[in-house]
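Read the structure below first, then the notes.
Just so it is clear, A, B, C and D label the chains in written order, and each chain counts residues from 1 on its own.
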Amino acid sequence: MSIAPVTTAQPAAAQPSVATLPFKVADLGLAEAGRHQFRLAENEMPGLMALREEFGPSQPLKGARIAGSLHMTVQTGVLIETLVALGAQVRWASCNIFSTQNEAAAAVAVGPNGTVENPAGVPVFAWKGETLEEYWWCTSQIFDWSAEASRANEHWDGPNMILDDGGDATILVHKGREFEMAGAVPDATATDSHEWTVILDTLRASLQASPDRWTKIAAEIQGVTEETTTGVHRLYELAKSGELQFPAINVNDSVTKSKFDNKYGIRHSLPDGLNRATDVLIGGKVVFVVGYGDVGKGAAEALKGQGARVIVSEVDPINALQAAMDGVQVTTIESVLDQVDIFVTGTGNENVITVDHLLGMKHLAIVSNVGHFDNEIDIAGLEKLEGAERIEIKPQVHEWRLPSGRSVLVLSEGRLMNLGNATGHPSFVMSASFTNQVLAQIELFVRGADYGVDVHVLPKHLDEKVARLHLDALGVKLTRLTDEQAAYIGVSPDGPYKVDHYRY
Amino acid sequence: MSIAPVTTAQPAAAQPSVATLPFKVADLGLAEAGRHQFRLAENEMPGLMALREEFGPSQPLKGARIAGSLHMTVQTGVLIETLVALGAQVRWASCNIFSTQNEAAAAVAVGPNGTVENPAGVPVFAWKGETLEEYWWCTSQIFDWSAEASRANEHWDGPNMILDDGGDATILVHKGREFEMAGAVPDATATDSHEWTVILDTLRASLQASPDRWTKIAAEIQGVTEETTTGVHRLYELAKSGELQFPAINVNDSVTKSKFDNKYGIRHSLPDGLNRATDVLIGGKVVFVVGYGDVGKGAAEALKGQGARVIVSEVDPINALQAAMDGVQVTTIESVLDQVDIFVTGTGNENVITVDHLLGMKHLAIVSNVGHFDNEIDIAGLEKLEGAERIEIKPQVHEWRLPSGRSVLVLSEGRLMNLGNATGHPSFVMSASFTNQVLAQIELFVRGADYGVDVHVLPKHLDEKVARLHLDALGVKLTRLTDEQAAYIGVSPDGPYKVDHYRY
Amino acid sequence: MSIAPVTTAQPAAAQPSVATLPFKVADLGLAEAGRHQFRLAENEMPGLMALREEFGPSQPLKGARIAGSLHMTVQTGVLIETLVALGAQVRWASCNIFSTQNEAAAAVAVGPNGTVENPAGVPVFAWKGETLEEYWWCTSQIFDWSAEASRANEHWDGPNMILDDGGDATILVHKGREFEMAGAVPDATATDSHEWTVILDTLRASLQASPDRWTKIAAEIQGVTEETTTGVHRLYELAKSGELQFPAINVNDSVTKSKFDNKYGIRHSLPDGLNRATDVLIGGKVVFVVGYGDVGKGAAEALKGQGARVIVSEVDPINALQAAMDGVQVTTIESVLDQVDIFVTGTGNENVITVDHLLGMKHLAIVSNVGHFDNEIDIAGLEKLEGAERIEIKPQVHEWRLPSGRSVLVLSEGRLMNLGNATGHPSFVMSASFTNQVLAQIELFVRGADYGVDVHVLPKHLDEKVARLHLDALGVKLTRLTDEQAAYIGVSPDGPYKVDHYRY
Amino acid sequence: MSIAPVTTAQPAAAQPSVATLPFKVADLGLAEAGRHQFRLAENEMPGLMALREEFGPSQPLKGARIAGSLHMTVQTGVLIETLVALGAQVRWASCNIFSTQNEAAAAVAVGPNGTVENPAGVPVFAWKGETLEEYWWCTSQIFDWSAEASRANEHWDGPNMILDDGGDATILVHKGREFEMAGAVPDATATDSHEWTVILDTLRASLQASPDRWTKIAAEIQGVTEETTTGVHRLYELAKSGELQFPAINVNDSVTKSKFDNKYGIRHSLPDGLNRATDVLIGGKVVFVVGYGDVGKGAAEALKGQGARVIVSEVDPINALQAAMDGVQVTTIESVLDQVDIFVTGTGNENVITVDHLLGMKHLAIVSNVGHFDNEIDIAGLEKLEGAERIEIKPQVHEWRLPSGRSVLVLSEGRLMNLGNATGHPSFVMSASFTNQVLAQIELFVRGADYGVDVHVLPKHLDEKVARLHLDALGVKLTRLTDEQAAYIGVSPDGPYKVDHYRY
């Protein structure tokens, strides 16, 4: 069991605080609490449970060694145990320093049949509130399969599959290999982010310890399945530049992922995060949502449903027109800065809220991000701002007193607040996303030869299958096309039902 | 002027009632009334007006001879006059026997500078309430450019462009050419629809009169731009079978068309049609919407906005899941048949409401179609049903007394009720659709060589342009990406902003 | 039959245009069309139909002579025939110059068993598009029961009951009596409205013809039931000043009236009126609603349901807070005047849109009233504005070209546009209101002795009864309190269920 | 300071666990955390802060000794400190065993200027998770003013004002006095609830210790202000039976209370409680709401805003009709029992969910109450059900395994889940309610002579004042009536604006 790994292998310098982990599984009964929640979550994740039933007997992932980097929540626990139920071996890290639910990590580590003393689960490297150094140490651990290799009497260098969220695991392999081929890791420059510096340090240490570790790992990997817009964007960049090392399935762009997770997940978890963080009445408030993609649409719907007045900004005229048609005011953030009570970013872009914006806001305006990284809000700039003072109201909720004499409330230090201040997307939404992930892992592991070194999306019949597996739980009764009707529109009565470019 | 064309060219047998047209432009002052409405509509069609301003000077459609087949409404009037302002010559028919607004037809025929006595507009063959014989006679008139050719001293066989809605104009050319190549028009069979019989009669008469008319017309046509899902479906079928004769642009699948016209247009015009037809309170009623595509989504939103309880049926599990996530009950029509007050079809498929369904409905249930043809509801079957009696409550609203002892109210004889009972999509929505049409006509006429004989969609930058031209009118203030932000997500600050498969 | 009454009784000077009525019942088959609509409306008016069934046998209104002044629509037709079915004799006028549906007037006049030649219905004095002179002539006709008295061989001076909407019938009696007691009708002054001048003229002519007509009429009246906020306000004023002449039931403040008619009726008929008048897309538009009472709430809900962005103004801080809590921007009309596409007034107050407001609006802004009289918008001021020009786009839709160079579109000349441009509240809503009216007429006629000369509301059990009679039609299944539960909250299981001050 | 009062005064038998309180203020730094939250809450409670500013100088509550029984949350902390700022002395208990936020209790006890060692706040008797014995012990403590009397060298028997929520403090005084007059406390019977038994025990002990304690206390009390529907109902019962001992103000029926707290508060805190308790996706779920009063309306709106499908049950036909008009299915709980995912009660009545209902539910259906006491759901019956087993998932979330083989999830043991599983209504809502409370305390304390021994509501101008004090914070700009407009509708431009029976 590896939740709270105090091993001699870790250089004290690189992971200074790992030795003093913030929780002890055995002491707190976390595993049992997590197991209770898994049981409830399984009731809400019909897609994953259906896959266990359908594919459990045939074990399509037998032989798969999956390195997973994805928020270590209760839902991910059910995902991990589904992968295992389908035959896979798994190692896991979170993809966010705040998003781990410790009881879920503990339950996965202990496993359904294990005990704290004799764990029978999956090695997990994740806890709530990692430092960046700890984070990248954790991520590198999911590529170290020496223990499993030794147990199996095999000579694996690492995993043969990646299941990624945001692309950090994929980046580590690609950058590791790149620097190994260059023979050196560059020095961080003054303008580099702190995180990039940590990554460089991590890879520099690796290069010293094992000069071809990542090259060998990259060669063994049969494919990656990627969860998010941001990670997918990185994959397309790699594919375009010819640097991509293995096939990738863009799970994010399954309809049952991007149109469900991004929209309905945020609709649920944005107000949840706001409530847990601040307890502020959303009704009657003016809320500014930066971006009206799927995330922004889900955010706006949730906020309107709570009686807020929503204002949106957009760069894309089509999305802007959609917002207007949905009855939402569309304007620039600058033009309403001092009228807004709550700011929500959901763009996938950087610096959409700048320090200048922060300085112009109302006293105690709430600033939160459900888009992607913490750079959507210029937290780095805020940290450098002279005269700004940070007061912790409670974990993940900070009042920043600004030189203007006013304060702003920053949630989750600018990182994804639905994960940091709440518990992320709920199980049912994640069931749709993760059913895509599992089907994609099967596709790449079983039919990988059919997929070139490029970025692919799941075939539409699998996308429809994911939806189909979630209908019964909602009491949905589907209508079946007659043969005549199917012929009339030129499809099979079993689907797929739509042309590829259909937008839903 | 040709609104009420009583010409010797028409064989009395084929168009028996054309000689007794239901209105007289000159008598009723319709043209002036239509012109007033054009002026108001122009205020609501900023996209078309912007194109007039941008392209008026350069006259990109000079030389274009456009045969248009599209509902002859006020909005289409503004479209036609935009095409003319860009240099085109135009002949026009409606694509629906009920959808013509006579005052719009009159105003187009008279033209902005003409008089009833001395018309200076566009030849229009359309009036509200055509018979099917009249309808296909009208459609064939838009291919007869002899008058224009003679005036211009040219030898045109017909138009060189088609602007189509539903594909009737395109079908006529393709079927005409096919039968000419076969040397004969087949006889209608017992199971053929009445409409197909009329088409065959029309083409048989044409074959007798001119055995290669459609072959020559097809050869002259540089391309077609098609407005609707149904028409686009037909085009893809023709392309797949290798029968397509000229390039086609699928205007329907521009985001600013399908996601605007289908969704926001229906949201507006469905309740409008219900109200004008029946004056029945929508609030509190149970409304069953067949299909949850863009049309069904717009319908459900409108009905919920009026306080109805909406139930939906779907064949596609993804759309079904969307409906459930939007809080809508999803079930089969059979399971709630006797609880429903209003039925709305929006599928693009046939027989989604059958005679058996009609027989099981509540007394005075309202049955209406906003999907495509009148075969969504089995009107043909109803007409054949023994013991059923039709009572006209008012034009386009019929009570059918059924053998069950109950009645149903059928709107627009099962045809598109938002056109038949109301005035179709409002100007602003049509401005987006028609701006796509004009840009597509320009693409095919000016850059046709770049487009092979296949079905194409408009490039994304033109789709975004359509949106952009409609923002000012709504007071929308767009945000501009900084160069750094644009680089961060790998786009130009001027767009296009999204990958092609983005679903909005 | 009296729809188009060309009688010798009317002095040519006072009713100049009555002799040239705009329609002829017999010629147009209006009565039959109206009868069809009555049949459909009866299906939507379960409350009235239930009263016919419950009270038809006992004829509680036998002996009642009801003077009705209420919009002469299809729904009112079903009300009138319900009153008759309960034993009443009735004479009717509309309470608005534009709101009459001629086919409904015709059908009522002909009666269910009559013919055009041999009418068997109720004397109706109403047609669409009356002048003010005609309007007040019509209103005075409902007090002339000489024909009925003569037929019955009785000596009635007038009706013994009033059913009023807006208070015009009640005002006429009270003012008539007041002037008779004073012995003279005052001259109109320069600042008096045109309407007041017409009323004075009407009463002056009456005083000359019969100096105690209204005094005698007032003495015979047992009570009035009043439909609207405005009329009720007038009644409370009369009661406060001691001038009220007979008991009144404030039907407006039944929950099933004010919270249904005002809110759900407007929710339906406001967008209906906008659509029929202008066909302008409501989605994406900025709509300003003046007032957030029940009418404003219904308006805002309808507009939001169509995708409009709603802004509201309020004078009452409680209603303002409600609007904010419902996610609506609340500000003054002046502060957003040039950003608004559509204005809707719903206050019951005067001059909430002034000429200055009109001059500051966007080009072709739409201005409409669903509040009460046409003085909500300063139409009188507009008519006097130098340089303003009125162009009729179509009946009840006028473009006013303003000296500013911009135009505004005024609907129904500033009068209630849901009646003028559409068909008013739908049948189901009116069924609730009118069921209250009938129950109130019965209360006052049968139990009038229990009611002093004051303004009363219906007892709560009758209000609940009205609701109860409308549930089945909507498929609502009510839960019944157990005896223990009823005792626990201290009510009877049969109701009434709430304290009197409960606000619903 | 009295948060964790370990005093010799408490008989060990009656309060067995008080000596081992679940938290220690000094150890946990709770007071400081609570103080941070007070600062943020003050920003959200503009009404209370405005009262401090307006009335701080004049000290209208100087001399008031207020016994408060109301959920001891952060918001109540701001209320208490407002009462103190206006001159009052205060003692406080919570009115619910689960609703106390310990940090708020700690901060109040320490006071703004105190320290843990040297507290300067208000004696507070409340902590999260009291037993019923502890609860009633705490409630009786707020009537013991001996320490204050001794410090002030006065001979007070108790408080002179009660600020109550649910009526427990008021009941204790009335029952105490009643039993003292009878000379004995009756024995509990077999059918009495456990809580009633505890109350009887408490009063029996009191009677033994001091036979006229409550009689003397009742005589000193000048009035009570009551917060909730339930408490108000009890007051009206007391008034009706002539048992009421002092004037009462029904704060609950201020518009700015019942229509804000009940509706907008629940809209916020119901989904908050569901999320914190279960993390279950609300979207797509079928949710059954028992009761469609203000609480049910707020619940339904919140749930629809999250994409749930809402079904409602009602006993009152008017509320049922409202639900139908809002697009909600209305039926009995029995008819859809097995289709529902989440149950929410909001009736103020007992046994609206019975054990039979629980037995018929889906596996893991969620059962929760936002109405009033825990008897809305028959928890007592469940506890007695043979074969039922309770498993704590986490505090206030229990899985009940039922003899049916299925489980249900019961939140907060059937008590108010928005308080037990979340943090209750947010500050802004409570600001409106508590501003009413403070104004009512001032009314009764300063102008008590004007109020007879009966139940009163606040005059409308104070209700409007409460609203007015909350507008600025939401950016609402109020419109002011002109003198002409005010005269036209017969009000003052400064209000009150509506008749008393207006329903908002």
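Methods note: a residue touches a chain if its C-beta (ideal position, glycine included) is under 8 Å from a C-beta of that chain, and two chains touch if they have at least 3 such contacts.
Everything numeric in this text was worked out from a predicted model, so none of it was measured.
Novice: Following contacts chain by chain, what is the lowest number of steps it takes to reach subunit D starting at subunit B?
Specialist: Tracing touching chains, the least step count from subunit B to subunit D comes to 1.
Novice: Sharing over half of the contact pairs with B-D by residue number is what counts; pick that pair out of B-C, C-D or A-C.
Specialist: Over half of the B-D contact pairs recur in A-C.
Novice: Where are there more C-beta contacts: A-B or A-D?
Specialist: Between A-D and A-B, contacts are more numerous in A-B.
Novice: Could you grab the centroid distance between subunit A and subunit B? Build each centroid from C-alpha atoms only and quote it in angstrom.
Specialist: Whole-Å distance between the two chain centres: 44.
Novice: Using mean CA coordinates as chain centres, what's the subunit A-subunit D distance in Å?
Specialist: 40
Novice: Specify, in ascending order, the residues of subunit D that touch 2 or more different other chains.
Specialist: 264, 283-284, 304, 307, 321, 324-325, 474
Novice: If you look only at subunit D, which of its residues touch subunit C in the complex?
Specialist: Counting only subunit D, the residues touching subunit C are 233, 236-237, 253, 255-256, 258-260, 264, 313-325, 330-333, 335, 348-352, 432, 457, 463-465, 467-468, 470-471, 474, 476-482, 484-485, 488-490, 495, 497-501, 503-504.
Novice: State the interface residues of subunit D toward subunit B in the complex, per the touch definition above.
Specialist: For this pair, the touching residues of subunit D are 283-284, 304, 307-310, 321, 324-329.
Novice: Any idea which subunit D residues touch subunit A in the complex?
Specialist: 33, 36-37, 40, 43-44, 74, 264, 267-268, 271-272, 275-276, 278-286, 301-302, 304-307, 339, 363-364, 391, 393-394, 399, 409, 422-423, 426-429, 474-475
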